[in-house]
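Shared between the two complexes below is subunit A, which pairs with subunit B and subunit C, respectively.
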Partner chain A sequence: MAAVITPDRLRSIVYGPLPGPAAPPPMYRMRFAQRDIQPPAAFRVTPDDSLVLGVRNALAGVNLACQARLWTDEGDIVFPEVRGSPTSDRVLHFTAVQLHYGYLVSAAMWATGGTLPRRGQTYATMQVVRPPLAAFNWNLMMAAGYITGSKVLAWPYGEQEDSIKGPGMLYSIFGTTPAVTTDWTQVVPTGAVWRVRGIRANLTTSAVAGNRQVLFWFDDGATTFFHCHAQNTQGPGTSITYHGVPAIPYTAVINITQPVFLPPEVLLFEGWRFGVVTVGIQAGDQWGQPHFLIEEELND
Partner chain B sequence: MAMQRPPSMLQEGGPHLHFDKYQSRPELAFRVTADDLLAIGVRNALAGVQVALGARIWSLDGEFIDISEVITPPADRALRYTFKPMHDGYLVAAALESTGATFPVRGQTYVTLQLIRPPTFAFRMNRWLCADYLSGSTSTGWPWGRTVGSTEGQGALYSILATNPAAGVEWSQIVPPGARWRIRGIRATLVTSAVVANRQPSIVIDDGVNTLMQIESPNPEAAGGAVVYNFIPDIPYLPLLASQQPVFLPPDLQLEPGWHIKSSTGSLDAADQWSNIRLTIEEWLED
Partner chain C sequence: MPTFRCEHCKGLYVDPQNGVSFPHACTPPVDPKTGEHGPPDPGARDESVVVDAVVGKLPDGTPAEAAAQIKPRIRGRGAGRVMLDPGDILSGADLTTIKDLQVRPGAAVPDP
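== the complex of A and B ==
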């Protein structure tokens, strides 16, 4: 038989059946204080404090809104709010909202409008700071994470999420068609980390004699990490499409398609590069526009 | 020698806890009024799922006000919101669970919970509660719920039978709107006509318009053949064995909504027939 402790009988242990729900004992109902309430001291703010929003964004047309709830000393709830459209340059930008005398009780930032980001496109942070805003004194980190169509950045009960933990946004990206007899190169944009999931590019060779050997390369902007070479050379007057595919075995050209092994996880930071070098390239050889399958996260 | 246990704290004469029943102070952040709405966001991929909301408000008079709602979301993976008005008091708990006879698995029903202020068509979100997938036995809620992105972790596994194309036509499968797919395997049969020519099957990934990747079978198929192609992540190239041809797929091949995975067969004859196209897919809801 279970021991039951009712609020009015804390001084004794009662053995017996649960009291019926329709018959609460006298003085059972609670009432809440509505005067002289003391909120948590940690979230006391003044006009010297600012709510600072940091955003890195890669998607053009995203609109963000941020709203906080501030309980003033007079007992009113006010809603400091800011809305804006961040640039899609992946660069970290801060926006500051001055606060008032009172207690910060919640804050949230979310995407609004018709263009909603997906994970990997809009990374935001929220914190309370003190001036100067040019080099602010940070004193309360509130939340950090990606904003998506239905997932927001919030405090309290939000999260502190790294910008690089996966999964990122998948992109189908075209490189630039190089001039004739020139190899192509692709640079990871500033503020991004790329996982290269596939490379596709076509080489049409001229009639000039000689075998061409294709190698995909990866570097840190200056120094090459490694080459991944095609198993077979390409002769003059031919057209072969090279497919860099993670973990694909080395094999022969099949139906003018040449698979090229890529490591299963090629992670490249901003400014790092990948491209092709054609050993034995001849006048008139032409690479078509390269095409990449990329998973991107923001490099914060 | 065993120590003697101290007497129970609840025995007569011991120290006591006394609650102030008239001056309680719940957490200020969750003070709500009739101006506040509880917003339930749902993306769902499984027909027949029902999402049940249960919330509890503690009124200023000390009464519990229970709020409930059952939502039957369409299985189109689109984001929809349902709003429930609050009352004067403190929100002390809110939870979402699947109910009824059809339970989703992780990757099928993604829900969010938040407190907002109108207008509902462009609401002002001001208190976030939780975001997670629902399943048969796992619910989400506040407090102690999680905020989990929709593309994190394990997705839902599907065995999909693609539509057989007409003779002489390639097969193609599109990723539906609101989904992200990881291709975990494909099996398809190509029966070739008597017209003499070597067919060269391959698998193609495109972004809806442009080819991103093409992976060829290591061996061609002759006229009058019937070969089952097994596209398998990370498999080495192997010869044809007992009419089964292994073909390599990337180990972590992920596709966005609107992208295609399809066949492309060199020298395909008008009477050649693709059939029994079975795809093993891991799916997340792309939020």
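== the complex of A and C ==
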């Protein structure tokens, strides 16, 4: 079985074995006076400065590496580096690397290992700040954007990409199967923005008499925006699968299937919810496991 | 992909799915006649992640630098949850299996 080429492996191919500490390559020393090279004065840093990395991540098992190049006052090029696995809770976490006397030449941040994120899963920023870190004196914003298997966050020439501009990561997920005679709900995770692309859920009704009317609802965590109702009611002792489809026209019920109109672009903020209400629900009615097609971006 | 049951609403769910967490939140109470739902039950479980402070001073006056030490927590614990199986035994389940899972004993597990 062929080995998977990861950025780590690629890096080792490009650079070859790293030199040992006893034999630094001569080109590492770039003394200003000897070579008449002017330092990039705009990027002067001191131990009062920190390279701060901000990461929002949704995917468990992601590993990130960040390495900068710092041209020291002694003329050496050194490589401040940090590696780690961010939490997968979509919460913004910062990591600070203290710098020292010199000039910042470049910095890059990339994903390593076997679990590589896709667009919409790992959003990162790089900046130089001065303490106190709580006040974040933002001296130099370097880059912001999603990191993927082949997309590196880099500076200089790095972009500042918004976290919400689409397309996001597509997820085919299952919601909560509710208790009997209960409806289901799905909440948008903290740190995420969702576009609901599809809903599919089955309702099996008991023998208790009465028609049930199914409707999907969308709210901001408290107040309902709108309802999308099924075209027909459902009687006792039946099993019908409801399909919420964006912009689908109302069509006749096909036996065991009912289409439900959804607005073409349902964009939901973190903490907002959608769910189902079964008007006239009767004892013994049971919803199956709801299935959603979701497009997610991180909300930074 | 473990299978859990919320001990507040008895809902069944699998989390995480494909390496990504999708939090469970109990369904709010609904008026069965109008279809309108009210605010969430105060005792409900909501696994949405919240961070109590990012910058500024903490309620006890701790400097904001300590905010980085604050661990994100879930919004509402409710009556907790139990793990029914370390794998996904819910996806594709028929009604008989769902009814069984709704009452099957489970192992109490810590919150995410």
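The rule we apply is simple: the second predicted complex is superposed on the first by the 264 of 300 C-alpha atoms of A that agree within 3 Å, B and C clash if a C-alpha of one lies under 4 Å from a C-alpha of the other, contacts with A are read in each partner's own complex, and residues count from 1 in each chain.
Following the convention adopted for this analysis, a contact is a pair of C-beta atoms (placed from the backbone, for glycine too) under 8 Å apart; a residue touches a chain by one contact, two chains touch by 3 or more.
Since the structure is predicted, the reported quantities are computational estimates derived from the model, not experimental observations.
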Touched partner set for A:215, first subunit B, second subunit C, both or neither: second
Touching partner for A:236 - first (subunit B), second (subunit C), both, neither: neither
Partner chain(s) touched by A:177 [first = subunit B, second = subunit C, both, neither]: second
Partner chain(s) touched by A:293 [first = subunit B, second = subunit C, both, neither]: first
Touching partner for A:284 - first (subunit B), second (subunit C), both, neither: neither
Which of subunit B and subunit C A:190 touches, first, second, both or neither: second
First (subunit B), second (subunit C), both or neither touched by A:54: neither
Contacts of A:84 with subunit B and subunit C, given as first, second, both or neither: neither
Set of subunit A residues, in rising order, touched by both subunit B and subunit C: 174
Interface residues, subunit A side, partner subunit C - complex: 58-61, 87-92, 94, 115, 121, 132-136, 171, 173-180, 182-187, 189-191, 204, 213, 215, 217, 219, 222, 224, 227, 270-271, 273, 275, 277-281, 286, 288-289
Contact footprint of subunit A on subunit C as seen in their complex: 6, 9-14, 16-28, 30, 32-37, 39, 46, 48-51, 54-56, 63-65, 67-68, 72, 90-91, 93, 95, 98-99, 102
Residue ranges of subunit A in contact with subunit B within the complex: 5, 7, 10-13, 27, 29-34, 37-39, 65, 67-69, 71, 79, 81, 103, 105-108, 110, 112, 118-119, 145-146, 148-152, 154-159, 167, 170, 172, 174, 197-198, 200, 241, 243, 245-249, 251, 254-255, 257, 259, 264, 291-293, 295
Subunit B - residues contacting subunit A, complex: 8, 10-12, 16-19, 21-26, 28-29, 31, 41, 43, 58, 60-63, 79, 90, 110, 112, 114, 117, 122, 124-131, 142-143, 147, 149-152, 180, 200, 202, 205, 207, 210-218, 234, 236-237, 248, 250-256, 259, 266, 286-287
